[in-house]
């Protein structure tokens, strides 16, 4: 098939724009193919995992994750501890401040402001989270999975994908919960609460095992990617996989590893539909989400 | 100002989506700011250069460049020899074939197919170009700038941004014309034709000098970026600059150099509005172009 | 000071070569400065953490880590679950096979071979690890930190940095132990063993708190980087920091975040000596290690 | 073959260190293989091209290039206009100043200092070059190739690889001579001098054609890479190729294109020995050069 340059017109739907990119090349074509696979996995009733690494919440992606949960595009979430904590920063009303990467970090330190590239968060937000989590941690007992802890938290807040996930019984796994400020709070305030990640592995593996068809949308690699893929080692492999990353394969790390490599591990089925988009998720995710909305919800 | 997660809805215009990204972070915010600067430079009647490196034509971006010329969004183009040649591949009807990066290159060599990442071009296309250029080169005389040569070529084809640029008297500079298969043809077929790039420098410098306001949209670095920026060394510096690149500053090359660095050279004015988007141009360019159409042409 | 091009001569010591790079630019200069800071932190008796992400063990870096432990260059290690597991693959004699990134992954899957970029590991290695870990997990009781578990494992093997660390009482933290095949084994074989990462946080924080001077050598970002840096939130910040990464700051993730950004969080002291080298650790680490050997051990 | 972790010892030769990396993985292994291929191409009397892009001269790599010329490791050079100009900055004694990427560019502009990532060059250096080139340009006549111009310049300076190349009759091609400040000087001062790059193509093609065996060492992509590779379109393809780059294949540009892709174009022979090292050239080049010295000159 020939490369065909898109005809771009005022007012065209984003889904039409993206469809037209499927006859281009490089990451535009990868983006178009990724969007199509995302739609296909939902339409074919696959059980879909969304894995989230990188500072997606500070970067303003929370409403999209919420929308994906509420539209039932995704059936489970696996995220980093930092994204959990920063979602609390937003849901509890502290928010993140728009800033610049070219700012004096020593002055920020003096002002109790912490920088995440071009976004700032005030220390007071972490104090607020500490107050909020203190009671929850103190009053929760026993060995539980991170997904249980996140539902408890989700049940106590509004306006958050954590709440939507709780409401709709969408599991949220946080295998690096301790690798965040919430980890410090767990250390300080837990009475006899222990996060037991083997419970996460068990539940995750069960979900993989029970799914007739399964898909995974990977934002940015990290533990969420590996933790979810490895759950498939005991099952049959994903049927669909989309990966959005800025890491390269040739440095050998798992975050940049190709989905082809994942097939050698049987984490993906041999015939799985899979595509990687080499792009900042903050650009690719809103486009793919709107594409899914237009293709699934509006037709 | 606070980070605000976008509210994404079916059927929203791409310009509304992009506007909403200006309150996010990382490259989504950069993209939104870049789109706004592109609109502003056109609305404020800046003389706008578009520089093109990377395999943009094989990747299907030619209609967008054509649209930018015909909508008078850009006033001059500076491109690589390869993009000129591959535009001829398209305009003369040979086209590029959609393929995959995971294909056997030795078998391609046996089949006279040449690979550009996930796109193929047949040797017969280059034979076709050779026939087409042979006469033009043979019949053109004297020392001329590359921009004169490209207008001559543009006058002899249809359905190409080269033709649109010729029709609308938009100069197209090709400072690496010889770094392409056309260079081989120039060597073989020119009688007394010489491409004299000092004429390019002179004309380019004049354009920079005469412009009351000036802007530059940089796709991918390379010679087109540097050649255009250095023309400003003799003038006052650009007022607006947008750069879309996948190169990083920390490797020290000019392609990845920040626009801040360009201010130390006075290639940009001190108060210039400038933003870099770290993204594959095949994704960012269609979005920015549609944004410009919606903001400039439809209002 | 002027840039000075190195005078390179046959038989020069690697430390002389690297010293000469400190008057160059870009990542050569960064590498030279990193090597110097590594020497300085050891000579000044800082408590030094080495954090390890990326597939460093499959890539053959284990002897270097062992050497760093045995030479007392480092006082604590924080690594990923995968590096722990692959160290067992090596220490138990299974090893990793040299391969290529351009190999058919479906055929590998059929041959029970799993690919890590250009290295392969046979499924039988994981079966061997399972047998080895089964007893250890079954016979270990209570809630323990990952560092306790790794010492137990280290006490039962030879020829491994895990054993050297056990012998020399160098703590090894593995905050993503469950994010590895060992996690599956923990799920299957633990009787009443729970890995309680709040114990890791507590011990790590104590180490940070007690250190008069402290340093960190970061290989590749990920959880090991963040987990160690965040331990400093309760202490005073690192005095020295060296980061070797292939991630870029401009995508906003923590793995690529600059050490300047870490100062805004007070994870580094304001006056900390810190440098990032943008380079594959497999290249930079052997050079820095040999530099340290020559500067610290041979003088 | 199994991955074997290097045994690193004080005082080991850099060539032994690099040899030991050939049984590791990722870019350490790539580096070792590249060094071996470089030695092999010299030992087998291949005609070797060195192509230079990126700011290698500001970064202090000039002595290495000089050493490669004087040791007859390379038989021709293809470089960017910027590297030619900055070699004059050094050879004429102006030099480059060591600086930082975190410096105020507006203040630099006020101080007539121009930044190249973490290196500065004073405007006075360019004035010095202008004086130096003015006479040469004025007194040179006719249509000449860039290689002729660079030899003329080389004949008039000392302490430069330009002089060494002139002395030893090693051709230096500069296909983007006009894409540099020297281009402005050519525009201003040439009487009837024209740089005719078809002469470069002709000479380069002849060199490719006449070589019984041929090799290429590519630093950083750009026009030098493509211009040299395309010369092989009329000959039989390179026998050896080593590429050191920080660009990735998956963005589709020629700078990041794999050497496998070059085989589809027949720019490399099918059986060519070829390897890409994903690394900053400022790190990889000194290592490879010292390796070559130790393996070729000291044995």
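Letters A, B, C and D mark the chains as written, and numbering starts fresh at 1 in each.
Note that in this section a residue touches a chain if its C-beta (ideal position, glycine included) is under 8 Å from a C-beta of that chain, and two chains touch if they have at least 3 such contacts.
Keep in mind that what you see is a predicted model, and the values were worked out from it rather than measured.
Trainee: Across the interfaces A-C and B-C, which one involves more C-beta pairs in contact?
Mentor: Top pair by contacting C-beta pairs is A-C.
Trainee: Measuring between Cα centroids, which chain is at the maximum distance from chain D?
Mentor: Centroid comparison gives A as the farthest chain from chain D.
Trainee: Quick check: how many Å separate the C-alpha centres of chain B and chain C?
Mentor: So the centre of chain B lies 43 Å away from the centre of chain C.
Trainee: Please tell me the distance, in whole Å, between the geometric centres of chain C and chain D computed from their C-alpha atoms.
Mentor: Computed from C-alpha means, the inter-chain centre distance equals 34 Å.
Trainee: Nearest whole angstrom, what separates the Cα centre of chain A from the Cα centre of chain C?
Mentor: 26
Trainee: What positions in chain C touch 2 or more of the other chains?
Mentor: 25-27, 55, 58-59, 116-119, 248, 250-252, 260, 278, 280, 282
Trainee: Touching chain C in the complex: which residues of chain B?
Mentor: Residues 25-27, 248, 250-252, 278 of chain B touch chain C in their complex.
Trainee: Give the list of chain C residues in touch with chain A in this complex.
Mentor: 53-55, 58-59, 82, 101, 105-106, 108-109, 113-119, 143, 175-176, 178-181, 183-184, 186-187, 190, 194-198, 200-202, 205, 220, 222-223, 226-227, 230, 233-234, 246-255, 257, 260-261, 263-266, 270, 280, 282
Trainee: Going by the contact rule set out above, which residues of chain C touch chain D in the complex?
Mentor: Interface residues on the chain C side: 1-14, 17, 21, 23-29, 31, 55, 58-64, 67, 90, 95-98, 102, 116-119, 260, 278-280, 282-284, 286-287, 289-290, 293-294, 297-298.
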